[in-house]
Amino acid sequence: MEATISWLTTLIPQLPVPTARLIVYVVYSAILAFAAPVVLVVAYTYMERKVLARLQDRIGPNRAGPLGILQGLADAVKMLTKEDITPAKADRIVFNLAPMLAVVAAVLVFAVLPVAPGVIGTDLKVGILYVVAIGGLGELAALMAGWSSNNKFALIGAFRTVAQLVSYEIPIVLAIITVVLASGSMQLGAIVAAQDVPFLFTLPVAFLIFFVASIAEIGRCPFDLLEAESEIVAGFHTEYSGMKFAMFFIGEYMHLFSAAGIATALFLGGWRGPGAGEASILGVLLGFVYFLAKTTLLVFVMMWVRGTLFRIRIDHLLDFGWKFLVPVALFLLVAVAFVLKVPVLNSPTFRWLGMLAANGVVILVSLALVVLAARHSRSAALRGVAGVDG
Amino acid sequence: MGIPLYWWLAVAAALFCLGLYGALSRKNAIGVLLGIELMLNAVNINLVVFWRYITPQALTGQIFAMFVIGIAAAEAAAGLAIIIAAYRQRDTVVVDELDMMHW
Amino acid sequence: MLTNQMVQILVFVILTIMTLGGGLGVVSSRNLFHSALFLVLSLVGVVGYYALLDAGFLAVVQLLIYVGAIAVLILFAIMLSRGLMARRQHQRNEQWWIAALVVLLVFVVLLVVLGQVDWPVADEQALLSPNVSVGQLGQVLLGPYMIPFEVISVLLLAALVGAIILARET
Amino acid sequence: MGFFFNLTPFVPLFPLLAFAVIILFTHRNNRLSSNIAIGGITLSTVIAWGIVAATIAGGERTRTEGWQLSIPWLPAGTSVLDIGLAVDGLSAAMLFMVPFVCLMIFIYSQGYMNLGKANQDPRYARFFAYMSLFAAGMLGLVVARDLLFAFISWEVMGLCSYLLIGFWSFRNRNTEDHIDEAQVDRAKKAGLKAFITTGIGDVLLLAGIALLYSYTGTLTFRELFQPETLAALQQQTLLGMPAVTVIALLIFGGAVGKSAQFPLHVWLPDAMEGPTPVSALIHAATMVAAGVYLVARTMPLFIAGFDYTSAPALYWVAIIGAITVLLGATIGLAQDDIKRVLAYSTISQLGYRMMGLGLGGVVVGIVHLLTHAFFKALLFLGAGSVIHGMEHGHHAMSHHAPGDLAESREDESFNANDMKQMGGLRHRMPRTVWPYLFGTLALVGLAPFAGFWSKDEILGEAFVGWQHTLAIDHHLLVWLAGTVGVFLTALYMGRQLALVFWGRPRHQAAAQAHESPNSRTVPLMILAGFALVGGFANAPFLGSPLHHFMADIHQASHLVNVAATEFNFVVAGMSTILAVTGLLAGWLLYRNYQAGQVEPFKRYLGPVFTVLERKYYIDEFYQLAIVQPVVWLADQVFNFDYRWVIDPFVNLVAAIGRWAADISGVFDSVAIDTFLVEGVARAFNAAGRWLRYTQTGRVQNYLLVVVVTVLMLVGLYLYL
């Protein structure tokens, strides 16, 4: 960004630096807020439809353009030209504000995403905390949409959504804290820099918790309860149509990208890879390619999950969050903190190995407990049946 | 810093007074709670401003502001629980009607 | 031309409009849901204040706790007692005008008093380089302020348990 | 050895942990709960004794300077409020006694609350939790380094006394206990009375602490007792006295409340409404000892610049002590309830300690505190054993009573605490009577029992002090009051022994009473051993070892009287003769007392006895002079509001309005006028509502009033 500013000031010598900065900020934000979402959404919807189709042994979109590549564009045009309905008894202002807030919440996360070496909106010292804080705005948008629609399904949908988001925020934060502990910083740039070995390999359990909870945060299958048509029609955006629905849709896909991007930065080493670096323009571009590749890989896994697993029940969903993910994440946090304080493990390699071992222990113990509990409840159920018989 | 200290204090005072007015004049218990949140925030602004302008090296102001945020969270949780409980029992959240302490 | 100070003042004015306007909305709006949304606006303004005051960590914490937690909690509570909230009833009690007068008086007195005090503002050098280290904040929080910190934690826990007990349907 | 000092925080912490664990986790399991409580206090005892040993081994330096630890409590701006722990000779002496006596009482309670039996107390676990907290409070006070921590512990004790004295106000009436509404009510009132009465003292103490902090900026004992600090405090004047004297008197006020000195002694006798172990705990190891300990701890404040007129702090301590000695002992003569006699005896013995402190003798006061703790705990636990025996007898009687006593089965007048219904119990309870006798002899002060040494040291010190000056001063007062007190003590204890253990059973229950189980008698025997030999710890012919042990602490301030008193045969002889006479007189008069007879004392003393029986009418006086005026005032305010002024005024105004409306209606019945009339009526109505606004019960009104008040205060502050 500074490079752009200096380029601009050399181009027009009369331009004072603050003004140049302002111009650059505005232009960059415009790109970030308008261009990126559209491109992302079009690309990912196309990808999703193709991947799902292949998983289900179909071909997928194949009419618009070669290989159906223009399908996303066609969808967008259809969506934007649809009639924009506002229910008569809706709370008009709030109703219109909610979708904007949803998009804004998704866009704001991009500000701290390290997409390539040295390319980051602003490398906040408390960057990862900022990401979590912005998550709250998404809940707000859902609540506003649910309330203002003046529709029972929308209201209940909003309740469900917020309950789900709030519940899964906790394991996410706990998993993030383990990463912060291991890297010693909340700055996303520093976290990326700390991953000589990606945390995926040293903290696999934290990654799993983060990834699973992220899927729940985005509200994708198997946690897509807000879209359980048979129960609550379409959740908090039941009453939305046309452009406003499109905005929720865009927000969702941007959220998908930013969640995968954050996971990449936290666990997959961000833009790091052979040849990537800040030194040359080639290194920067290479870093961007690595980042995009890793992120898309994660997005692909999410689509794969969607194509494979079935939706789970709301109480199971909450139970899974509170009774499994939260305790496991807590134990993991304690174990990692402990390992990091053991003075014997002062060389990086030993520390990595120690963390890996701690992860292994935590996952083994928790799985053992789950198996025991399942066996216990099953035998209790069997005894109940036997009791009825006897 | 480009902004005079007095401006900050005046803004915080104004926010505090708005909150106070809300706490005094709202009929609805949740409205009263909103007013109290505003007052707490006004206090927090003051704490941070004093940190920034008077003792920028010591972190006391920020720490205190964090404590106030913590207290506010506790207050919101307990206050809303009380309001919900009162709503269940008395079917109202109008403060004037919640006068069990009357005489 | 734009100088640094002018930018700061511009930002300050915008944030003040947000904060005080939001606050005004909180206390004057007839619909409680709108009130709560105005509260969010006001609180976001305060977030901006913190950022302007170089208290970045606090700004994020404010966003996280106030907007992400408290505001959502309040909206939840409003939605739970929706039957009452949706009615467009009078939101002011009978004493509102006395309250308004008194509060105005309080405001005037505060302004006068604040203006009279000779604030011991730190010197230029110190103002230019505030201590914004998040690490030190953590050190202090778990060092000299250990006991208050623990007390706050216990208080939060107690509030949590108390809230559950109070709000649980028996 | 020194390593034990580092364990000091655990001394109060273990009982506190026990409290927390019982309340939070184990309160459903009674046996586990009481074992946790006992385990906690046992660990405390072990550590405390380790600390005592370390203090002895540490030599003079340890005893004087001790060990201390400070924790920053609240950093507020520039100053930091610390709390901390410290150990020196004085604390160590208390640490020897407090946890051990508590341990004995805990063990005893396990039996007393009927662990594992059908009639086990329904709030058994809770009882042990409260007891643990109580012990934690006292231990915290003992190891406090500063007044802040001491005050916190002090208030913890106040809370526990309330909870424990009123323990049976929640008693489950479904159990087999013969419990009636009146008793529940009494327990409730007694708890409240103790809390409020000691609360008066606590307010004074808090005021004293606040004053002290405002003058010196520190609350740490060691810093306060620096000669420079004390001198500075002496220079300031407050209310025509040196500030230090005012502060000392305020602190003494706190001690008067906690240690049940005249005129705040009224709560202590009522405190026996609680379970007997509680009485033992309050009377021996904790509550009442706290006041004495605090005065001893802050003695330099009392002594600083002492004289009779301008700085009379010590003088008042001695006077209050003397009044309390005589008051307690004389009331004790006329009580029938076995525990009540002991309660007044405690008051009287507390007076001794205060007198000792009033002479500036920290050591004599504390030594008497220690010895008294052992034998008074013994007496109370013994009384508990007797009462339990009586209750058992009553129970047994109703199951297999002989035919000729069948009518007494429905005997409603039975009271297990009433000495007049006992008699001859020495045959029925052979293992209780001997420890009880030991305790009595120790209390009366016969050589070589514990009470002899400690009491005669106080008297001896007074006597020697008087001989020094030959003036009519507090030395003479203490000596006279103390000597008369010895005789009175012997008299009422003689009466009690004769009524309880000698003579013939005066109630069927007494004839059927039987001995208590081991869990109750073994602590009695251990305590009896201490009652026998405890006094030797400071016996003059052994060189007054405790004296040297504790005396060093206040030497730094060069103000406190620390010289060991020589053994004085005149004093000792005189009090021994009086004690023997008193015991014999009590025994002879009551040996052959029969049920239904007029008491010998009543025969001889006549109306005086009635005054004593009614405790000098002090409770009635308080009722008349304090409680009733307050109630009266409240009534008047109520009347002012609703009957006399405000409501009638409102009604009158409304009536006038209505009358005016009627007149205008008659005068001009055209509809236009109704507008005006209604307007007037509405105005008056609004005025009426306005006048009632002070009592709306609406939070926001009150809040508004608060804001207005604050505004006015700020205005006053700014423009005055």
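In this document, chain identifiers A, B, C and D correspond to the written order of the chains, with residue numbering beginning at 1 in each.
The criterion applied here is as follows: a residue touches a chain if its C-beta (ideal position, glycine included) is under 8 Å from a C-beta of that chain, and two chains touch if they have at least 3 such contacts.
Please read these numbers as outputs of a predicted model, since none were measured by experiment.
Participant: Please identify the chain lying most centrally, where each chain is represented by the average of its Cα atoms.
Facilitator: That would be chain B.
Participant: In whole angstrom, how far does the Cα centroid of chain C sit from the Cα centroid of chain D?
Facilitator: 48
Participant: What is the distance in Å between the mean C-alpha positions of chain B and chain D?
Facilitator: 43
Participant: Could you give the separation in Å between the centres of chain B and chain C, each centre being the mean of its C-alpha atoms?
Facilitator: Roughly 7 Å separates the two chain centres.
Participant: Can you work out the whole-Å distance between the CA centroids of chain A and chain D?
Facilitator: 65
Participant: By the touch rule stated above, which residues of chain C touch at least two different other chains?
Facilitator: Those would be 4, 57, 61, 69, 93, 95, 99, 102-103, 106, 145, 148.
Participant: What residues in chain B touch two or more of the other chains?
Facilitator: Residue numbers touching two or more other chains: 20, 24-25, 95-96.
Participant: What residues in chain D touch two or more of the other chains?
Facilitator: 700, 704, 707
Participant: Pick one for the touching-chains graph, please: line, ring, star, complete, other.
Facilitator: Here the contact pattern is something else, fitting no line, ring, star or complete shape.
Participant: Of all possible chain pairs, which ones touch?
Facilitator: So, checking each combination of chains, I get A-C, B-C, B-D, C-D as the touching pairs.
Participant: Can you tell me which positions in chain D touch chain B when the two form their complex?
Facilitator: For chain D paired with chain B, touching residues are 77, 695-700, 703-704, 707.
Participant: Which residues of chain B touch chain D once you look at their complex with the stated criterion?
Facilitator: 20, 23-25, 32, 60, 95-96, 98-103
Participant: Which of the residues in chain C come into contact with chain A in the complex?
Facilitator: 1-4, 7, 31, 33-34, 37, 40, 56-57, 60-61, 63-64, 67-69, 71-72, 75-76, 79, 82, 132, 134
Participant: Can you list the chain D residues touching chain C in their complex?
Facilitator: Interface residues on the chain D side: 71-75, 700-701, 704, 707-708, 711, 714-715, 718.
Participant: For the complex, which residues does chain C have touching chain B?
Facilitator: 4-6, 8-9, 12, 16, 19-20, 23-24, 26-27, 32, 35-36, 39, 42-43, 46, 49-50, 52-55, 57-58, 61-62, 65-66, 69-70, 73-74, 77-78, 80-81, 84-85, 89-93, 95-96, 99-100, 102-104, 106-107, 110-111, 114-115, 119-122, 126-127, 129-131, 136-137, 140-141, 145, 148, 152, 155-156, 158-160, 162-164, 166-167, 169
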